[in-house]
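Shared between the two complexes below is chain A, which pairs with chain B and chain C, respectively.
Now for the complex of A and B:
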């Protein structure tokens, strides 16, 4: 329990630090959002301009510390400001649309990749002298070595452009009614290629990690003991070897789940998928500070929470960790 | 297997086993023969790397990867198991022959409770219920003086001595005819060592299983073994009743080992050791393997491999001596 509370304390502290950095770093960057706004809103009467500046909070006479306090309060209330590039939509509403797409696509692909990769890794370590094992590991490590957006471009070129069996952009077809079975199918259809890209290109990492951990564990004495006990091989493979070998993999899995929120920036760009990654890219292009800040904050928070969950998972799986915190 | 005849329960005949490397085959066990009778206690001593553990693994057929049995035979209860299929060996293991491993620290799965590790072997062999397995586990834990409430403990919650006793309890689960103990006390301090040895002796008297006790600590073996085998560079160089081998050693290597540890009551003397290092087992020297280090060598030692010959009734040594 002490471990648990210590981890919670650590999480809260890290969240605070992330929010603080997120406030100060943009203010240390060159460039002036007010100037940016004025350039963008050319031809708008000065009185209107003034009220827009007030709306964005760019007129402030407050000291930095007071601004910081207001910022913290606003973030806790979920007020993330107004998007500059999609004026006058609040950032929160823009993100609300983008996040489900990213979570769905990236989350699904990451989880799928982790499970398939881990299972293949277990198999590849268990029968590491067999040809299929060497072949599988080799193939996916080879695939992992090319950039994933390039793989995405390749898929788009062949399946989307040449064969025209898959769409080349967007998350769903504009011709179907939102909600309902057709819409669901359309989402699956549009998500297939990007999900395939991410899964296939990240599979190699999971296979390799799991295989290496597992081979190390297989050399442990307790595996020999399990063999000497005449246990069924399946039990040795799953409960003696894989359970121990999986502990490090779970930590990196949780970390990668954290980064899911950031979106596969390049994948979403390549597939024109309306997720957080694409949103971030557009925000950077448009110098939409509020938007960038909100996305960065989201990514940091997600990574921190994912790490926290990883710690909890390890707590459940590894009795040694459970005790060390007592 | 309930004959009353004092036939051998476990026998090795001219066993050659070792590891396949790029440089060649490492003959870690090279032409070893012995016969273990029911209820007998065989001690095997020798320095690190002499092939003791390889021998134990070969007998249990625990070889993996590049480890191989090259030639010779292993007989269990008169049945040749040298090349028996894996399924058959799986049934033999633990139910008839079990093993206590060198380092209890690493021999227990860190993420499973010891109760589960005790019962899973039992359940793999007997078609019984978990409840029965648990009852048996509590019984064997009691035999090695581990309190019942430790049944749900994880390995890291136990001390080194306790872990080793859990391993012994585990080996007793199915009441095997033979238990191999591979340096069971090496990682423990002398006081704990003593209690473990006494425990093994006591259990052996009650349950009458045969023991192969492997150690590099010869002094440990003398008082507990019936038979003593001294191994050097993959070969048994001396073999016989424990007291015989201990008090009248014939082979120069055995004598060297004896001179390497002090007596408790004698005068304080500077201990002798054995000069040099054991030979390369991929390409062993011709003739007697101990020849390069032997203080008593003479012409011809480097030519012919001396066979084990009887020096006194039941006492064999692989040295023609002088």
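Now for the complex of A and C:
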């Protein structure tokens, strides 16, 4: 139980840090970009100006501490300000449309690549002196060094532009009615390349982690004993070694989730996939600060919660952790 | 100590290949002015040919007006050179040819020359950021790991928190607010967002070394903390520090390219990231100009692979279990 509370404490503290960063980053920068932005927005009715000032927390009547308190309350209420690029839609409403796409795409791709990577990693460690293992590990190390967005560009070029077998933007075809089987197929068809990009480029990480964990476990004495007893190799590989090597792999899965999500955001930008990543890109281009900050906050919360869930999984799977609190 | 590591490192095929790859890019970056056939930022070439030179010898004698006692003689020799200056504009969006190995950009700059000059910027940013991140995280790790207690708790807490806060969106938000666009802000942003992982790894190593017998002995002999840290602990984690440096550098090169690709860098600097930015902004992809957007990515991947290989080798050297026997 101690473990559980510690993890909850960490989650809450991390959320608090993310919110605090979000509040102080714009205020720490020289030149006050928020005010600059308001100056840029001449020709907007004064009432709207007023609401933007409030949205930015630029009520100079308040001290910084009061502003900070108000900001925290607003975030907890889910009020994230007003999007400038889609004025006057609240950021919350814009985000609502984008979130399902991102969750679907990244959730699917990440879990897929975790499983494929883990299985390949187990294989690569087990037969690490074989040519195929070296080749697989080498190939994915090379691919892992690609910037995510560049791999996306490469796929778009070959499959979308050269071969023209896959679409190069959007999440579904505009000619298909929403809902129903055709729509579902169209979503799959459009999501294939972005998902492939995320899966392929994050695969190397999982393979490497799993391979190294597995090699460490394979050097343990109980594996030697199992081998000496003449247990079936398959059993040793899957039940003795892989099972134990999986646990640190889950932890590092949680750790590198933030990195994968970052890559996913870039993939969305390149594929013009209407998720949070594309929205972030548009916000950057339009200097829509409220939008950017809300997206940062959303992504942080999502990753932190995913991390927390991974920690819970460890709690369930690892008897050392499970029993330590008793 | 260092000699042994060096010997092992060079004896490892992966490490050697990675090192050679890195040296190749470093050489390209250093010799950029010599190798690059064109100016990466200019869209025209000027050739100056001297057609004729005429020397006109004349002697002037002038009398100083103010002081009659002195006489000043001025000899002047003027050379009249007739030359031809041909300004040739480079083709816009040119295809690869013998004159332009990788074609030209939308405004007529030679892409091959940009790639070579870009090596210099991208590699420098990567190495400087890598060094910055490593030094920062090493300091934090040594302080936290050696002193322990409350200091350790605080540093560890923040490391763990920043480890899970996704760094790319954070980087983007900070970079968007920074009004100065350029290489130095990028180095700072990358360094300040990528310290948690190396700090965590290094700290746990410091903690484990701190409890080894030789460190305890040194401490009980009354050695100063600075001696224990720099003479006993640090030399024993050099390989890990190197590994952190390599990963940080690799991450920084990709990070720089990413920020610049999104348009958060200074787009007038020629680097691999800005090349990709301009390629994307001008629809190189959909026009099928592979020679514009493929080469920068391949270079980034090759440098990344070089660092990954060296890291892999360090892993094998320091963890005998991973070594093939």
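Points to keep in mind about this one:
Heads up, the rule we're going with is that the second predicted complex is superposed on the first by the 280 of 326 C-alpha atoms of A that agree within 3 Å, B and C clash if a C-alpha of one lies under 4 Å from a C-alpha of the other, contacts with A are read in each partner's own complex, and residues count from 1 in each chain.
Just so we're on the same page, a residue touches a chain if its C-beta (ideal position, glycine included) is under 8 Å from a C-beta of that chain, and two chains touch if they have at least 3 such contacts.
This one's a predicted model, so the numbers in the text were calculated from it and none came from an experiment.
Once chain A is used to superpose the two complexes, chain B occupies space next to chain C without a clash. When the shared chain is aligned, chain C comes close enough to touch A:21, but chain B does not.
In the superposed model, A:300 lies in contact with chain C only, and not with chain B. Between chain B and chain C, the partner in contact with more residues of chain A is C. Contact with chain C, but none with chain B, is seen for A:142 once the two complexes are overlaid on the shared chain.
When the two structures are aligned on the shared chain, A:255 is found in touch with chain C, with no touch to chain B. Of the two partner chains, neither chain B nor chain C is touched by A:321. Of the two partner chains, neither chain B nor chain C is touched by A:312. Per the superposed model, the minimal spacing between any CA atom of chain B and any CA atom of chain C is 7 Å. Within chain A, the residues touched by chain B in the first complex and by chain C in the second are 129. Every residue of chain C that touches chain A in the complex is listed here, in rising order: 157-158, 160-170, 172-174, 176-179, 197, 250, 254, 257-258, 261-264, 276, 280, 285-286, 288, 290, 293-294, 296-297, 300-305, 307-309, 312, 315, 319, 321-322, 324. Residue ranges on chain A touching chain B, taken from their complex, read 129, 220-222, 224-232, 235, 239-240, 243-244, 317-320, 323.
Put simply, chain A touches chain C in their complex at residues 10, 13-14, 17-18, 21-22, 25-26, 29-31, 33, 36, 128-129, 141-151, 153-154, 156-157, 161-162, 168, 212, 215-216, 219, 254-255, 257-259, 261-263, 265-266, 269, 280-281, 284-285, 287, 289, 292-293, 295-296, 299-300, 303-304, 307. By the touch criterion stated above, chain B contacts chain A in their complex at residues 60, 62, 64-65, 89-95, 98-99, 101-103, 106-113, 120-121, 124-125, 154, 156-157, 167, 170.
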